[in-house]
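The same chain A turns up in both complexes below, where it pairs with chain B and then with chain C.
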Partner chain A sequence: MTAVLDAPPVARPRLHRVRARWGWGLGAVAVVVWSLAGAGLFAGEVVNPAGRAQFGRFASAALSPALDAEFLRVLVTGALVTLAYAALGAALAVLLGALGAVAVARTTWGRRRLGWTLTRGALAVPRGLHEAVWGLLLVNVLGLDPWVGVLAIGLPYGAVTAKVFADLLDEVPRGGHDALLAAGAGRSSAVLYELLPPAAGGLLSYSFYRLECAVRSAVVLGLIGAGGLGYQLSLSFSSLRWEQVWSCVYALALLCLLADVTGRAVRRRLAAPRSSPTRLARDRVLTAAVLGSLALVAWSWWYLAVTPATLFAERTREQLGYVLGAAWPPDTDADLLASVASLAVDTVQMSVIAIAVATVGAVLVAGVAARPPGRMTPGRRLLGTVVRLGLLLLRAVPAPVWALVVLFVLLPGVLPGALALGVYSFGVLGRLAAEATEELDPRPRAALAALGAGPAAGWLYGVLPRATGPVLAFALYRWEVAIRDSVLVGVLGAGGLGALLATQLATFDWGAVATTLVALVLLTLAVDLVSARARQALR
Partner chain B sequence: MDAGERVAVVGPSGAGKSTLLGLANAAVPPTGGTVELLGADPSALRGRTLRQLRSRVGTVHQQLELVGQLRVVHNVNAGRLGSWPASRAAWSLVRPQGLPAVLEALDRVQLADRVYERTDRLSGGQRQRVAVARLLVQRPELVLADEPASALDPALADRVLGLLAGLAADRGGALVASLHDPALALRHCTRVVGLVAGRVVLDAPTAALSVRDLADFYGAPR
Partner chain C sequence: MSTRRTVRSGGPAARTPLSRRGFLAGGAAVLAAGLAACGDRTSLVAAAPSGSTGRLSIGAIPDQDPEVLQRLYRTVADSMSGALDLDVAYQPVTDYAAAVSLFRTGDLDLVWFGGLTGVQARLQTPGARPLAQRDIDADFHSIFVVNTATGLPPSEDLTPLAGLRFTYGSETSTSGRLMPAYFLQEQGVDPAGFPGGPGFSGSHDATLALVASGSYQAGVLNEQVWTARSEEGAVDPAVVRYSRTPAYYDYHWLLGPQATERLGEELPGRLTGYFTGLSADDPADAEVLDLFGAGAFIPTEAGNYDRIEQIGRRLGLIS
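Our next item is the complex of A and B:
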C-alpha cells in the first residue's frame, strides 16, 4: 500500500438507534396486530357463505353492463346532476374558504395568538365530519332539497379550504407587504399588491383540486340519497340489477377519472403558465379553465334549480330550531357511551387495517408502477402500464362502492369496511409511492448497479432508504382521510361509528346523534394529532 | 490501456469525459465499436457474469452515488454488494456486517469517528471521502474517478488522488481519472488523454508535458 494516511487511533463510536423512530415503528406494528385481532381475523366467522353465489352473478355481470338507450339516458342525467352538485359545492367551498382564510390567517391576527388559535380550532369541527354525515344531518333540516348536496360538500370543504388558503397566504414572504405598509399604503391594498400575487397560483390550483374532489364526494352523496349517479347506483343495487350496477360503476369511474385528468392538467399548467414578456396576454388554457368553471357553476345553479329562499324559509328555521333543541344536551346515558366507545375502537381498527393493507400493497407495486429512467424492455413497459391502469381503476371507484362489493363476500363488521377502504387507499397510495420512486435521483442506484450489485441489493440500498420517508408520510396522511371515510362505509353497513349513526338518525334520536358526532370529531382530531406527531418523528 | 497505468482524462465540459468513464464501467452501452474491459466484452455478458465483471471496476462519482439517508457504514458496505448475496445485504442494514474492514477503510480517509453518522449530515469533502472508502472495501482492479478532486481543498485532493492511485496499484490495476487541475494530473498520473467533442486530440506520457501545455489545452488564462 503506497498511501496510508497516518491517523491517530480514534475511539470507535457505538451504534445507537434513534429511539423516537423505533418507538413509533414498534408502536405501529403493535397497533396493526391489535386491529387485526379486533377485526376477528384470527378467530370466528368472517366469510359469508350465502353471498358467494350472489357475488358470482354480480361479478359475471361486469362484462355485460346495461347499455340500452333508456338506461344510458338515465346515466347521462345522473352524471350531469352529480357534476352540478360538485360544481356548486366546490364554488361554495372556495367562497367560504376565501372568507374563512381572512378569519384564520396569521396576517389578520398578527401577534394575538389566542384569537388565532380559537378560530383555527373552530374550523376543526366542520372538517372532522364527513360530507356524507353533513348530508344526513342537513336532509333532516332542509328536507329533500338540492341545497342538501351543495351544503354537504361546501361546508366541510370550505373549512379545509379556509385552512389551506390561510396557510398559502401566511407562507408568502412578508418583506414587500411590510414595506408597502411602512410607505403609508392601506392594509387591503398592501395585501392586494404584495400578498395575493405570489399566492394566486397556489390558491387557484387548490380551488381546482377541490373541484376534482367534489366530483368524488358528489358521487358518494348520491349513495346516501342526494341524487345523481350514486343514487342511481344504490337504486339498481337494491333492486339487484347487476348489469345496471356495473353501468353505473363504469360511468362514475369515468366521471372521477375525467375530473382527475383535467384537474391535474390544469394544475400542471398553473405551475408553469405560458406568458409573453411583451404583450399583456394571459395563458389561453388557464383563461378557458377559469371561465369554463364559472360557466359550469352558473349552469349548475340553473340546472339544479337552487333558490336561496329555501335557506331562509320559515320551515327551515323551525326544523333547525327543533333539531338543535332536541340535540342539546347530548345524551350521556352510560349504555350509549359504552357502545360509542367500543364502536370508536372498531372505527380506529378499520382505518388502521385499511392503511396497513394499502401501504404494504403500495410498497410492493411502487417499483413496477414507476417509470424507470432509461430504456425498458417491452415486457416491463407492458407490466408497468397494466399495474398503473389497475391502480387507476381502484381509486376511480369510491370507497363506499367497494364496501358494497366486499359486503357480498364478508359478513358485516370491521373487516369488510377495512378492506373497502384499503382497496381504495391502495389505489391512491400506489400512485403516490410510484411517483415518489420516480422522483428519486437515479444516480445512487445506477452507481450500485455499476459496482455489480444485483437488483434486490440495489433496491435495498439505493431505493428503500430514500423512499421510506415520503411513502410513510403519505400513508399517515391517508390514515387521516381513511378515518373520515370509515364513517361512510359504516353508514352503508360495514360497522363502526357510521353504522351507529345511521340507526340513530333513522330513529330521530337527536341526543344520541349529538354524542356520536362529538365522538367522531374527537376521534378525527386525535388521529390528526397522532399522525402529525408521527410524521414529525419521521423527518 | 495497460495494468499499472494512471491516466488523466482532460478536456472542456461536454467533451465526453464522463461518457468515456461510463463506457469503462459498462453503465453506458457503446453506440458503435466494442469495449474491451478486463479482457471481456461487457455488452456480451448478462446477469451474474456481468455483475462479477462490474464488481472488479470501482467508480468514484462526484459524491452523487451516496445514499444520504443511510448511515456511513452502509454506504461504505455498498461497495461489497457485488459479492454479497441479497440476504446478507439485507441483514447488514439491521446489523452492519464486515465492520473491521469498514473501520479500516474509514480510518484511511480519517472518518472512522463518523461511521454511524447519517451520510447527508456530512460535509461535501467528508462525503467524497466516504465514496473513496466504499472503493477501498470494494477493492476493484480498475479504478475510475469522475472529477474526484472537485469539492476538495488542494491538500485533500492530493491525498484522495494518492489513495486512489495506491488502491489501483494494490491490485495491480489501473486508474482513470477525469481532472480539471493540470497540476494534479501531472503529479499523480503517468499518461494524459485530452478529449474535445468526443475525439482524442492529445495522448502523451506525463513526462513529455508541462503544466503550461495542459493549461493551453484547457484554454485557461495562464
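Our next item is the complex of A and C:
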C-alpha cells in the first residue's frame, strides 16, 4: 500500500482543447447556419400544414401495399433484373478497381509524386458523377442495351474501388516485399507474393461491401429506364399509385437486407477468421461466398444477355461521336457560368443541411439501433429491430420519391430537397453509426452500469463521447455522396445543379450539359478535399 | 504436417497433374465458350438492336398513366403484329429525353411522342416522319388549376397566376409545360417568373397532388388527364379548374428512317392505314383506342407541329 502511495505521480496528459478540432467544429456550425439561412428557414414560412392530407395518403399506403398476383410477378422479375445489374456492376467495379489500383498505388509510382497525383486526379472524374447521370449519358451512346446499367454502376464504383484497393495495398507492411526485391525478384512477383496475400482479406471484404451498394444503385438506374424494380417503382410513382410504390419499396428493402446480411456475414468472417493455427485450410464459408458470387455474376451475364459486341459496334462509335461533337466545346457564356455558380451554392447548402439532419438523427438512434453485447430484454430487442427496419425503409425509398413527398408538407425551395436527401442519408448514416457503436469498447459503459448509472446516462457518458469521432467521419464521407445525390432531387423546384442538369438534358443542350458536369465534378472534388482535411483533424 | 502444407511452404512438391498455364488456358477457353453460348439470347430488358431483324420496336413517352400504358402496351403491340404481319416489340421507356435519344439511336422505330418531344426527335433524326394522331390531338387543350385557398374564380385572364407558387408537369411535356408557358407569355405573364421559380412536378398526377397540398398554389396539366381524374372522382376537392387554354396540336406517332429502310418503302403507308383503320366498333380495335383515350386515329403531317417548334425555340426548349 505504501509503495503505491510513495510512487511518483503518473504524468497525466493535460486535458486541453485541440485547436484544429475546435476550428473545424465552429466552422461546421457556421456553415450549417449559413445553409439554413440560404434555404430561407429564418426568412418566413417554410411549412405547409395543409399538405398533411397528401402526405398521409403516402404514409398510410405503407400499410396496404399492392399484393395482387400479377403485380407480385412483375416485382419478382424486377428484383431479378435489379440483382443481375448489381452483380455485374459490382463485378466490373472490382475488375476496374483491381486494374486501377495498380495505376494509382504509391507502390507503383514510388517517389514520382506528379504521376501519382495526376492519376489520382483522373479518378475523380468518373467518381464525381452520380450513377444516374452516367446512365443518362450512356443511354445516348449505347441505346437500349444492358451495358448502360452495368457501366453506369461499374465506372463510378470502379474509380472508388481503385482508390480503396490502392490504399489497402499501400498499407501492407513493406518488409517482405523489399526483401524479395533485394533478393532479385521482379517487381510483379514481389507484389504478387508479398503485398497481395496480406491485403486479400481487406480487398475481399470491400468487394462485398460494393455489391451491397450496387443493389441500391441498380434501383436508381431503374428510375431512369434501365429496368428492374426501380423501373416499376418509377412507373407507379409517376401516376402516384402509392400502394404499388410501397410494394416496390418493400421488395427493394428485402433485396437490400439480403445483400446486407450476406455481405456482413462475409466481412465478419474476414475480420475474425476461424482457421485453426495447426491446420492451413480455406474457410469453407468464404470459399462458398466467393464461388457463389462468381456464379451469380455468370448467371447475371446470361440473364441480361450482355454481349461485348455492342461496345465495339459501329453504331456505338457513331453515337459517341454525335454526343461528343455536340458537347465540345462546353458552353462558357457568362450567363450560364453565373447560374452554374449560384446553383452550385444551392447544391452545397442542400447537401450541408441534409448531412446535418442525417447526423443528428443518426447519433440519436445509433444507441437503440446497435446490438449491444450480452443479453437483451425482449422489449429492447424488439425496439432495436423496429428501428433497424425503419432505417432500412428510409434508405429503400429512393430520394426522388422523398423529394415529392416532403414537398407536400414544405413550401418549395432548397429546404424540401435538403430534407429529402437528409431523410435518405439518415437511413444510411443511422446504420453506419449503429455499427460504429457496436464496435466500441463496451467496458466504459459496463463500468458505469455497474456503478449504478441508468441506461441514458451510461449511453451519454460511456458511448457518445467515443462514438462521435467515427460517426462524424462517416458523416463527412456521406457529405460527398450527398453532393452527388443532390442531382436526383434537384428537379422538383429544389433547384441546385441537379435542376439545371435536368433541364439541359431534357432540351439536349449538350454544350451546357458538359459545363454543368465539369462543375459537378469540381464541386465533388472540392468537397472531397475539405472532408478529407476535416477527417484528418478528427483523428 | 500435412503434405499440402509442406507443398505450400516450399517443401518437395508433389507433381501437379495440371500445369498452371494449362489450367489458365483451359479456364479461359471455357469462359469464352460460355460467353459465346449466351450471345444469341435476347435480353429481358433490351431488344436485340433492331439491326437486321424484321422487327419493329415501338415505344411511347411516359406521359398519361405511364403505369397503365407501359404495362398494357402489349395490347397495342399484339394488335399491330396481327394486322401488319410484323414482329412488333414494345420497349418500355421512363423518361421523355430517353425516348428521344433512343429514337435517334434507332432502338425505337415507332414512338408515340408528344408535340415537343416529337419535334426534338425529328430534329435529331433526319428522315423521321409523323404518321398519325388521335382525333383529340388536333384540338388539344391544357387546364390551369388552382388551390381553393387562393380564392380565385375561374377566368380566362391568366395574369392573377403570376404572383402564385406555380408548377408545370414534366419539363418537355407539351401540354404540361410548353403550350401553357406560351399562353402565359401571350398574356404578358413571364412563364419562368413565378415566385421562387416554377416547379416541375414530373407528371400530371403529381401536379394535381402538389396543388392539392397547397405547396404550389397553381399548376397546369393535360386536359385529358384532368377529365379522366375528375370522372374517376380522384381529384382532391382543394383543386379547382381555373382556365382552359386555346387549342393546339399534340401527340403523334413518329416513324424513324431506319425502319423504312429495313422493312420496305410501303411501311409508312401501311402503318398509317393501320392506325386510321382502327374502329371503335371492332372490340379488339376498341381496346387499343381505349388505351389511348381516343375515338379514332387520323393522319398527320410535319407541318402541324411548326408552331410548336417555333414556340419551343422561343422558350429555349429546342436548341
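To be clear about the criterion, the second predicted complex is superposed on the first by the 423 of 539 C-alpha atoms of A that agree within 3 Å, B and C clash if a C-alpha of one lies under 4 Å from a C-alpha of the other, contacts with A are read in each partner's own complex, and residues count from 1 in each chain.
The rule is short, and it goes like this: contacts are C-beta pairs under 8 Å (C-beta built on N, C-alpha and C of every residue); 3 or more make two chains touch, one makes a residue touch a chain.
Every value quoted in this text rests on a predicted model; they were computed, and no experiment measured them.
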Next item on the list: Based on the superposed arrangement, let me know which partner A:P465 touches: chain B (first), chain C (second), both, or neither?
Entry: first
Notebook entry, point to check: In the superposed arrangement, does A:L451 touch chain B (first), chain C (second), both or neither?
Noted result: first
Note to self: Between chain B and chain C, which one contacts more residues of chain A in the superposed model?
What the structure shows: C
Notebook entry, point to check: Touch check for A:A182: first (chain B), second (chain C), both, or neither?
Noted result: neither
Note to self: For A:R443 in the superposed arrangement: first (chain B), second (chain C), both or neither?
What the structure shows: first
Next item on the list: Applying the touch criterion given at the start, work out whether A:A69 contacts chain B, chain C, both or neither, answering first, second, both or neither.
Entry: neither
Next item on the list: For A:A271, decide between first (touching chain B), second (touching chain C), both and neither.
Entry: neither
Checklist line | Common interface residues of chain A - those touching chain B in one complex and chain C in the other | finding: none
Margin query: For the complex, give me every residue of chain A touching chain B.
Written below: 1-5, 7, 10-16, 441, 443-444, 446-454, 456-458, 460-462, 465-466, 468-469
Note to self: Under the stated contact criterion, what part of chain C meets chain A in this complex?
What the structure shows: 2, 4-5, 8, 34-35, 38-39, 41-47, 49, 62, 65-68, 70-71, 91-98, 100-102, 104-108, 120, 124, 149, 165, 167, 170-172, 196-203, 205-206, 209-210, 212-216, 236, 238, 316-319
Notebook entry, point to check: Can you list the chain B residues touching chain A in their complex?
Noted result: 25-27, 51-59, 61, 64-70, 74, 78-79, 81-84, 86, 89-90, 93, 96, 103, 107-110, 112-116, 138, 140, 159, 162-163, 165-166, 169-170
Check: Which part of chain A faces chain C closely enough to touch in the complex?
Finding: 48, 50-51, 53-55, 74, 77, 81, 136, 139-146, 149, 223-228, 231, 234-236, 238-241, 244, 279-280, 298, 301-310, 313, 315, 319, 322, 400, 404, 407-413, 416, 491-493, 495, 499, 502-503, 505-509
